[in-house]
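The following pair of complexes shares a single chain, chain A, combined with chain B in the former and chain C in the latter.
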Partner chain A sequence: MGPTLYRKKGPLIVFLLPAFLFLILFLYYPFLQNIWNSFSHITGLGTPAQGLNQPWYGNYVTLFTDPKLRTALGNTVLLTLCTVVFQVGIALILALLVDSIHVGAQLFRTLYFFPIVISATALGLMFNLIFLFNGGMLNQLLSNLGLISQNIDWKDTDHFLFTMFAPVMWQYVGFYFVILVTGLNNISQDLYEAAALDGCTGFSQVRYVTLPLLRNVLCTCLVLAITGALKVFDLPWVMFGAGMPQDQGWLTGTYMYDQTFNRGNVDYGSTIAILIVVLGVLFSNIANRVFKPRDYI
Partner chain B sequence: MKKITPAKAGIYTVLTLWALTTLYPFIWVILNSFREKGLIRRDSFSIPLPGSGLTLDNYAKAMDRFDFGNAYLNSLIVSVTVTIAVILIAGFAAYGLVRFRFKLRGVCYSLIMAGMMFPVFSTIIPVFRMEAAWGIASSGSRWLSLLAVILPQIAGNLCFAIIVLMGFIESVPLELEESAYIDGCNVFQVYFHIIMPAAKSSFATVAIFSFLWSYNDLFTQNFFLRVPREKTITLLLNEISSQAGVDYGLMAASVVLIVVPVLMVYIFLQKHIIKGLTAGAVKG
Partner chain C sequence: MKKKKLLALALTAALVSGILAGCGNDNKPSNSGGQSASNVELTVVTSYGGDDGNRKNYENAVKSYEDATGNKILDASDSSNEEWKAKVLTDFQTGTEPDVLFFFTNADAEPFVQAGKVVDIATIRAAYPDYADNMRDSMLASAVDGKNYAVPSSGFWENMFVNTKVLADCGVAVPGPDYTWDQFLKDCEAIKAKGYSPIACSLFEVPHYWFEFAVMNNGTLENHLDIPASADDAAGQKWVAALNDIKDLYEKGYFPVNTLTATDAETVQLFADGEAAFLIDGSWKVNHFVDNYGDQLDNYAIAYVPAKGQRKASEAIGGISMGYFITKKAWDDPAKQAAAVEFVKHMTSDEVMSTFVTTEVTALKNGASPAGLNALQQAAADANANITGVVGAVQDTVSSECKADLFANVQNVVTGKMSAEEAVNSAIAQN
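Up next, the complex of A and B:
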């Protein structure tokens, strides 16, 4: 039994009611409503549904035949993969390096984490300046170094994937870095000393001591990275707008927004939203299976 | 003096290189926001000096053409309200879930974890239609429109806030609460006089993050705020990016104007920010 103070359950209503009222009204109910909407026919945000779709599962058929959605899905899956490999990968390397130094570790933490607090809108605008065709930072830098003779159009069909993905990944490396550093700090120093006595140093120490012990934290990072990648909206929207270049630059987030707002296709937008949730659950389950958290020690 | 080995030097080189990628773009933008318009495209790497390209024109023009004051005000109203509401509501809920033992406790906890999974895309349309039916959204009134943003933003931040706060409240020693109770405090007095002060730093973390996410959010704000006088700072920046055209000095100055307040918050409060975020993430 809990302490006497908490025997009476009356006050509990006051504590829990406001939170659950908000969650039910603005999270759970809209989510269920959204499922219903995906079967209905809705042409405007403020207008009521005009009955069910003909056939009622029509939007789900469209999901499979819509070439733009296929592009959006392809790009989003690619982004998710890149996120896992580069974002978490770079973060892991940086975390291992910072863990091995003493002077300046705090400074590097502060600097690496810093892009996360800046809004994606501001970052998008900043990267627009950096990737500018005529006189952007990157083109000026490359031509000053004599690496290119002609300016590169960073947003054309050959380069847009890099231009879109690099800022998204760059922004969140610091986030995973900080989580991994915290995980590294929790590994007991004794283990390293024991490993060193057994002749295990340097890279093999990382391979056989650090990485296995970091597995659970890495798994958390992967799930966060995957669900995060599926939700990406602001940065690509500010930098590329509606599907530039030539309908090749869609992501599921930007495509859903465009369908709902600019094309008045509200019910189809709802369907895409459900697809995003389903993918999120699916991908994070796969990640959990592959990198199953284990209870060591 | 310790010797600097080649390995150490290599490590510091790699770390410094990445630090440059996070820091230099901002420095570049700040430098160019003070540079004369035509010079940015030719020579953007030098430091602008008085007499050779230094100017405040970009800021004057940004302030003149766009209503930054009004946008800051809107952003502050939204973000401060969201922050205070999240602290109050999430603190209550976290306390109730940690300290009381009741039948539906497990269900409540799972519901909150599930709430973290829903992306805002999947709830925004019904929320918009619901609020339009209530007469809050797209009503033409500035205050109602801001309220229409505030409500879903509170709900969106609650789950994360509750989970972080639960972790911290759990670590407050029960004896304190017991003795306060014996001294005649009721549950609410215990919450406000014992729990809140004891978990102060975690409340600070939650406040900072609710504020930053609300201030930086583009998606929800873009959905509800369509009229110029309702625009927040994020929306204003979005608008500038489509209007400024080739005036890169203006763009750079606008970026600096929106980033500086956040930068100040970060520099002063960075310990809370990093500590609290990792506590929440690693637990969850």
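Up next, the complex of A and C:
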């Protein structure tokens, strides 16, 4: 019975069709329409295009001359790099630490994963209170410890990158932590015992046993983190809104949203969306090549 | 095997129909859904959301409507700002507009009025003759096509709130109707020297209050509503001078340290908590202070925005700029039409309007009858009694895109990243 089901491709195709139709309707058709929109002149969502842009490739020229987009791209690339170093890095350290304890491991798993289940909007509001200028938790803490005499504006041009990136890092550390802990659990204890017999313990064990065996999981985490960073929108938008401070806080996602929904510049927003997709494909390809999983492990 | 095929086909058909059902947009009356005339759900969007001073009054009015009719109001109100306006317009463009909308009646409404997405009052009166019959028709806002669409709510005024406690501590007198710009600068210096923020304002989020009066200060009441064609013409020069006045205040350090990163709520709290002296805001803010700082109302007063040039400090921004629209979608739905009409009639009735009004003008034929005024409301009434001229906001006569661009660039002007001329030209290009 089983084998015949797979020999006949008909039922499989029937089952694949709905998902395929769904993707065509809600992903590929809008994407193609979005490409067309980027050449058109559209002044509002849902309003018909008023012909093609003059010149039709005008928005793509603007991409190269728009200083705010340059800022957005710079910030997004920086966020991606920070994601690799801090999100996955901290998750790895936490996973290694939790894996080496026996009591309370489940508690730590739950605690570190918890931020994932909270909505980004709620997190944004919470961090807004933490970083508030007057009466914010952080300023109060630093002031009470005698470390500052005047409140720090955590969203000004000197501090906004930290204020924007820290909550994003914090939010997703738990996600990669859980993946890495699961990967660590799959490493056989026999290997650790054999390594210990050979005198390989502590940090050496991590360096020569754990990390090589965790490589594929780590690579998956890195690819997910890089592509995820390109799509970050909600938390920075709640905390910083439109480009705060002084148009230096744009990300590609927030800039696209602002152009499309607040400025009514739908065609340019579509162009930025295409840029985001191109960057996503490019970055994920590079990440896939650099962190290519190995079959021999 | 046949059974399995049938099962597979049935599952697939269910999945496909489920997906396609989600894509459908049935505009037919929803009576079949079990809703009766007395059990209608209306989606309503207003600006009485967030920390709006009339939020409680709005909730009470909605509840009394629900109790009286058995209908249910699905409220999607929010605070009014440029983002909210953009969202409302987007809802119309994407076909997800509410049944009843409380919105601006000026240029902001043009996109959905021109698209025929709202119903004019004459059409409604043809079926419901008593619709808005308690309003003075001469005060109904006219759209570009000359028709009236919105039933006006209470009007508004914008003026300067002052924290009298801060002023007293700094030895500064509460500004009178003859308050001058030069005196204002001296007062700001004295207030700053005492360690307070002279002006509570988020230049990031709500620079428009100061922009509006700064434009008035560089022109006259008569030419206040002139729209520039560029930064070089007379109206453009007014706008440029206005932006430069704001820049001057910023450079002198009269705004809060974090004015470029703070929200409106943060700077209003700064004022309310006695850490800032002056706040330009609107009539809607009076109830915000009443609701949230009821025990400190004696610390606040409504004074006058300092004047320079030909303007007098007793001239202010005001008018009736918002009203209730019934959307075409609700009008064409037999199950919702009567409910929507009843809702607007209820919200704009003399009784309900009187709960919203304290010192604002209305279009009611009989006028509103607000209950006893508290200290701050009385201060507003006293200040309004001395007002010698009122004009609408010039920002209400330009497109949303123009406004968004202009106000987003205020921060760049005050920090010197962009000249005032560049900011005006950039905004006008969007109009």
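Before moving on, here are some points about what is shown:
Assume the second predicted complex is superposed on the first by the 275 of 297 C-alpha atoms of A that agree within 3 Å, B and C clash if a C-alpha of one lies under 4 Å from a C-alpha of the other, contacts with A are read in each partner's own complex, and residues count from 1 in each chain.
Going forward, a residue touches a chain if its C-beta (ideal position, glycine included) is under 8 Å from a C-beta of that chain, and two chains touch if they have at least 3 such contacts.
What you are looking at is a predicted structure, and each value in this text was computed from that prediction instead of being measured.
By the touch criterion defined above, A:236 reaches neither chain B nor chain C.
Looking at the superposition, the partner that touches the larger set of chain A residues, chain B or chain C, turns out to be B.
Of the two partner chains, chain C is the only one that A:246 touches; chain B does not reach it.
When both complexes are overlaid on chain A, the residue A:113 reaches chain B alone and has no touch with chain C.
By the touch criterion defined above, A:256 reaches chain B but does not reach chain C.
Of the two partner chains, both chain B and chain C are touched by A:22.
Using the contact criterion defined above for the overlaid structures, shared-chain residue A:153 touches chain C, although it does not reach chain B.
By the document's definition of touching, of the two partners only chain B reaches A:182; chain C does not. Within the superposed three-chain model, A:14 lies in touch with chain B and with chain C [touch as defined at top].
The contact surfaces that chain B and chain C form on chain A in the two complexes overlap at residues 4-5, 11, 14-15, 18, 22, 25, 45-46, 132, 134, 261. In the complex of the two chains, the chain C residues touching chain A come out as 1, 4-5, 8-9, 11-12, 15-16, 19, 23, 82-83, 86-87, 89-90, 92-95, 111, 204-205, 257-258, 260-262, 266, 269-270, 275, 400-401, 404-405, 408, 411-412, 415, 417, 430. Every residue of chain A that touches chain B in the complex is listed here, in rising order: 1-6, 8-9, 11-12, 14-16, 18-20, 22-23, 25-31, 33-34, 37, 45-46, 90, 93-94, 97-98, 100-101, 104, 108-115, 117-122, 124-130, 132, 134-135, 137, 140-141, 144, 170, 173-175, 178-179, 182-183, 217, 220, 224, 227, 230-231, 233-234, 237-238, 253, 256-257, 260-261, 266, 269-270, 272-274, 276-277, 280-281. Across the interface of their complex, chain A is touched by residues 8, 11-12, 14-15, 18-19, 21-23, 25-26, 28-29, 32, 40-42, 44-45, 88-90, 92-93, 95-97, 99-102, 108, 111-112, 115, 117-130, 132, 138, 151-152, 154-156, 158-159, 162, 174, 177-178, 181, 186-188, 190, 212, 215-219, 223, 234, 237-238, 240-241, 248, 251-252, 254-255, 258-259, 262-263, 265-266, 270, 273-274, 277-278, 281-282, 284 of chain B. Residue ranges on chain A touching chain C, taken from their complex, read 4-5, 11, 14-15, 17-18, 21-22, 25, 43-47, 132-134, 151, 153, 155-156, 160, 241-247, 261-265.
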